[in-house]
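Read from first to last, the chains carry the letters A, B, C and D; within each, the first residue is number 1.
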Amino acid sequence: MAGSTFGKKFKVMTWGESHGQALGVVIDGCPAGLMLNEDDIQKYLDLRKPGQNKYATQRNEDDKVEILSGIFQGKTTGTPISLIIYNKSQRSSDYSEIASYYRPGHADYTFDIKYGFRDYRGGGRSSGRETTARVAAGAIALKLLGLFGVEFTTYAKQIGPFEINMDNFDKSNISEDLLRMPDKETSLKAQEYLDKVRAEKDSVGGIIECRIDGVYPGLGDPVFDKLDARLAYAIMSIGAVKGIEFGEGFNVANLKGSENNDEFYINKDVSNKSFDLIKDVSKKTNHSGGVLGGMSDGSTIVFRCAIKPTPSIAKEQRTINKNGEDITVSIKGRHDPIIVPRAVVVVEAMAALTILDAMLENMGTTVQM
Amino acid sequence: MAGSTFGKKFKVMTWGESHGQALGVVIDGCPAGLMLNEDDIQKYLDLRKPGQNKYATQRNEDDKVEILSGIFQGKTTGTPISLIIYNKSQRSSDYSEIASYYRPGHADYTFDIKYGFRDYRGGGRSSGRETTARVAAGAIALKLLGLFGVEFTTYAKQIGPFEINMDNFDKSNISEDLLRMPDKETSLKAQEYLDKVRAEKDSVGGIIECRIDGVYPGLGDPVFDKLDARLAYAIMSIGAVKGIEFGEGFNVANLKGSENNDEFYINKDVSNKSFDLIKDVSKKTNHSGGVLGGMSDGSTIVFRCAIKPTPSIAKEQRTINKNGEDITVSIKGRHDPIIVPRAVVVVEAMAALTILDAMLENMGTTVQM
Amino acid sequence: MAGSTFGKKFKVMTWGESHGQALGVVIDGCPAGLMLNEDDIQKYLDLRKPGQNKYATQRNEDDKVEILSGIFQGKTTGTPISLIIYNKSQRSSDYSEIASYYRPGHADYTFDIKYGFRDYRGGGRSSGRETTARVAAGAIALKLLGLFGVEFTTYAKQIGPFEINMDNFDKSNISEDLLRMPDKETSLKAQEYLDKVRAEKDSVGGIIECRIDGVYPGLGDPVFDKLDARLAYAIMSIGAVKGIEFGEGFNVANLKGSENNDEFYINKDVSNKSFDLIKDVSKKTNHSGGVLGGMSDGSTIVFRCAIKPTPSIAKEQRTINKNGEDITVSIKGRHDPIIVPRAVVVVEAMAALTILDAMLENMGTTVQM
Amino acid sequence: MAGSTFGKKFKVMTWGESHGQALGVVIDGCPAGLMLNEDDIQKYLDLRKPGQNKYATQRNEDDKVEILSGIFQGKTTGTPISLIIYNKSQRSSDYSEIASYYRPGHADYTFDIKYGFRDYRGGGRSSGRETTARVAAGAIALKLLGLFGVEFTTYAKQIGPFEINMDNFDKSNISEDLLRMPDKETSLKAQEYLDKVRAEKDSVGGIIECRIDGVYPGLGDPVFDKLDARLAYAIMSIGAVKGIEFGEGFNVANLKGSENNDEFYINKDVSNKSFDLIKDVSKKTNHSGGVLGGMSDGSTIVFRCAIKPTPSIAKEQRTINKNGEDITVSIKGRHDPIIVPRAVVVVEAMAALTILDAMLENMGTTVQM
């Protein structure tokens, strides 16, 4: 019931509906002394902004963030940071149609059962627009993690049947690419495919991959609060995600132990000096995806998540209405034919919130500290 | 750091090391009035017991559970239930070898970095034996869920390259099958394969599938605490799990919206009576895996998780020791060539703990209640 | 660090500084279906509004609350309710003086040590103004509790040396009384005293009493989460509170067991019908203050808390400045000579948040439910 | 419902009933590397042991603690520490009488309402014996805090009408004194009084004071999680406590601001060196009790709590039985005529758990850390 709160130390509470007055987030637990202004957040928020290209919702939103508290003289004070984004595009639409039936693939049906009724305007609280607040909070986490050398690379790995060729991997292409792919060639093929599917009034799914470098080893706990378990929770909490895997992921079913284990190696000759367990050790492979026994192992954390095709499609579908009648619907409105490109930054934001929280949680693990 | 606690209302704290004196769990938040005795737990615990057949650790453990508190006159009192399982097999082995190096695919390395040292006897807290306590707690959750009509069907779906044929699905075979497969034919092929791999001193991975029927719709919350997010956290917290997916899972990348959406239908003629949103509605497909917008939708909850091959293999591997030297090791001892069969009950236990917790959390969602 | 979050089920996160842009609160976990509008909150908020009479801060604030989310068609939706109160009176004062030294009795010194610096404008986050957000959230809790028949009576019991005479207790006087006392005669004496102390540039403390009727028995848990322990936490979290006691409170030190125990009695002849443990039982005394073994016992919950004199006084005091010099200061500005009257509603709001949370937590305590 | 868990980082879950098989506690979140053995805990546990003198229960219990997990090579490993104390004195008494009625001043009545029934043997979970587990956990917290220079002085300040004379304060007397008073003269008078009251089959209340030196300034958070609020929650969670106050406590009602504020002073000439906000500053008074704005201010933390007279008295009292009849009872058995002396160590243990938890929580408050 109180499911809009995330994190233990860097605690985030989001609020707001798609077509309400505003959306926002309060962050309780941001360390004091971080230089922070609205631009830091706005830049990141702009990455998920609608209306940027032909594959993104044509909704005209500025998504202008305001900081209402927690900053003084340009720095975080250690007290709650309240961020607000007013909804500019609250058109007084006619919602009577969408209010009357249950859209397939949406939360309309479960919302009505759980709460007795729902805010049906634009999907209400279950709209993808809810992720705006996550991204705003994630921007702060990312800035803080950046100070500690943690770096994220997140991109579309697959769109429909088109998967990137790792040999063509070009990191610089991600931010420019309409589909957030690091492989221009595959992106063009996927775009062609998208145009075709959109013409059929249908939509497409895909896979996002996230790579996190510079994570200090030892984050995460050995039993329930494993780092990968916490990341899985965070990523699966994004509406369209249907699966997550780390390192070899589902492919481990096909591997033998000798193929899946990552051997350890000494980086260099340590005979003349004292051995440093962190700096002098490496793995040549990373089948584990950077996590061993639930704790970061110092190598790149790698995970992938599956994003379902946009459920709102203009193609005719069968469903039921509130009167208990079988009907046929065609969802109108401004809907992306693909969720993946805009979800890239949401996945990254949730991963950043998780890593930062695990880092703050990790303090005090030993008496020596 | 405090990562051995699970759940919000049905709160579970596990403790104990593989070769310590005992393992156990305390459950804080079990509703009062449930008939419960040690047999209820023992029966379920026996399903993951080692030494049952040739594919399971030959460790000789009774895993006899004792209830130390929280029960009076055969019923739960609402106060903490403390369960203990003494370790019978604490052989005073020579651990000097395992203490000296870092096993590939294990938590040895990350444990030393995080905590400064580790209990290396049998893997300490990161041993699969830790899951005994989860299963014991899960047995109580399952008994309680059973009263509400919730039923679990959990089995090995794939072992190495051998995946079950759903046409041969025979639920009754699961408990008898050495590999917990519901398809005898595939199981025999997988067993042959396992014998071969074991002879090569290697190990095999696989996939477990869990189906949960009878879950009341509306469990889980629409934003962070989605039911699938919570299940993902629970299942990914099991040591060997490297990925989880719901319904179509990673296959959504290949589907169109019109293929992935589940249409709603009216079960029967409702024209003569008032329409019941729960009883009169069904989906003909279940691509979503029983969860819509993070809330259970009343259909079967379906997820799969990937289990890595046993990391402890007798085959030679390279690694490093505590002196900073590159070495070659061959892990000795009683190790399963496959984790999957014994993990089936652990996956089910963690799913049961999650569903029960979500059910207790869901109370008070509306004022009418 | 993340200390601005309160409650487990009815979760409240407050934010905002005294002289920042706005203050607010997000409530995550309000049950769906409660009729709620801004007036419900505004009426209650007006009770703590400054500038109402000569004993309250002469600050000119409207404290106009806006609901930004969580309400649809006049009812709570079960999703987060975001409330905001803009600060109208952010005068661009000269804060250089207050920034330069540490006010006795304030958090200036501890804030600087903990966070490295502080928002010194009007006390920042440690201002009494922070309680506006608590009162706003409390208004919602009170409305919900009212539906279940829970009623609060909160008033000033003592101001300076003047304690009310229980024989003169007149509930209707509380809301009209400048000092929120239920005894007009004592209030007049206290007002005379206050005028005198204020002329001396000094301030006065007092005691607030809260009585809660209609609380269902069995709320609270028998070990750590006792209802009185949770109330103590809630009330002691109000800045000026220095102590709390239940029922006989500190007077128990002077009582014998036979004097302090409350005997149970049967209300009426139950011989002809089945005995109802709740309706047919009463205590003739209430030394326990309505809580037995940490659980509500069905009688009136009674507690008192001690409120310190306003620390900001115009009278000269010694202190130190940021340069490490001993100085003498006289605190200027609009400060109440007494905190008690305006704190009455804050105490009530925190008690309401606690009782409601315990009520929602209590659901699912037995299997029968 | 899940109310047997305490703490956020140093998380403690207690379990066990007075006459069950055993009592215990699991600590999830103890930092790794602390030297710890059973003696460390046993010594402290012995301070609350029954049967030590004529004012303590004549129950014959060894209260022998065993460590079941979390320690390796004499040091904490960072994983859960499980402690168990077997009940030796589970006499197969005849409990039919106590089962049949509701003892005044006890939780019998509220337990039956909340849970539907109760473990009536010796008070079950609501017995004072439950605090054994708190003391065991507290011993570990105290050892850890000792390494950081935090010191506790806890004693009986008042017993019945006899309050210690601070001029006679002799710390060394506390541990030897039958009543844990630091003033031998007052203790003798109180003992005489106790003998008299006991002969009347009655019992006596009192006040415990706790002083905590060496607490680093800045612990606790400025809004809800104030250090004094957390201490109030911890101390009020002890069964017999009816009130708590800090520094001047309830006396603030009688003070003026100029009397209650603590002025700051520079300790010495700082003109020649850089000013140290912690080392160079002191207060000459401590009316605040060591907490300012919810954060420790570096001076001694001082609180007092009121302990009610033992509710179990042999003197006749009226009450009701389960059949709905008014009856008269005289509670038999081995009961202390005064709770205070044995509660001293429980109060100290709960304070230690709170301070340690606040200290671990405080890590990461600023970016510089």
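Keep in mind that, in the parts below, a contact is a pair of C-beta atoms (placed from the backbone, for glycine too) under 8 Å apart; a residue touches a chain by one contact, two chains touch by 3 or more.
Quick caveat, the model's predicted, so the values are computed rather than measured.
Novice: Identify the chains adjacent to both subunit A and subunit B in the sense defined at the top.
Specialist: C, D
Novice: Considering only mean CA positions as chain centres, point out the chain farthest from subunit B.
Specialist: Using the mean of the C-alpha atoms as each chain's centre, the farthest one from subunit B is C.
Novice: Name the pair in C-D, B-C or A-D that forms the same interface as A-B; by residue number, over half of the contact pairs must coincide.
Specialist: C-D
Novice: Between A-C and C-D, which chain pair shares more contacting C-beta pairs?
Specialist: By the number of C-beta pairs in contact, the winner is C-D.
Novice: Counting in whole Å, what is the centre-to-centre distance of subunit B and subunit C, each centre being its mean C-alpha position?
Specialist: A distance of 45 Å separates the two centres.
Novice: If you average the CA atoms of subunit A and of subunit C, how many Å lie between those two points?
Specialist: Chain centroid spacing, subunit A to subunit C, equals 39 Å.
Novice: Between subunit C and subunit D, tell me the centre distance in angstrom, where each centre is the average of that chain's C-alpha atoms.
Specialist: 26
Novice: Could you pull out the residues of subunit A that touch at least 2 other chains?
Specialist: Residues 1-5, 8-9, 14, 31-33, 78-79, 114-116, 125, 222-223, 360, 364-366, 368 of subunit A each touch two or more of the other chains.
Novice: Tell me the shape of the graph of touching chains, choosing from line, ring, star, complete and other.
Specialist: complete
Novice: Taking the complex as given, what residues does subunit A use to touch subunit D?
Specialist: Spelled out, the residues of subunit A in touch with subunit D are 8-9, 31-34, 76, 78-79, 144, 147, 222-223, 360, 363-369.
Novice: Under the touch definition given earlier, write down the residues of subunit D that touch subunit B in their complex.
Specialist: Residues of subunit D touching subunit B: 1-5, 8-11, 13-17, 20-24, 26, 28-29, 31-33, 66, 68-70, 72-73, 75, 77-82, 84, 114-119, 121, 124-125, 360.
Novice: Could you pull out which subunit B residues touch subunit A in their complex?
Specialist: The contact residues of subunit B facing subunit A are 1-6, 14, 102, 104-107, 109-116, 125-126, 130, 158-161, 197, 200, 202-207, 217-218, 220-226, 228-230, 232-237, 239, 242-266, 270-271, 275, 277-278, 280-281, 288-289, 292-298, 306-313, 315, 317-320, 322-326, 361-362, 364-366, 368.
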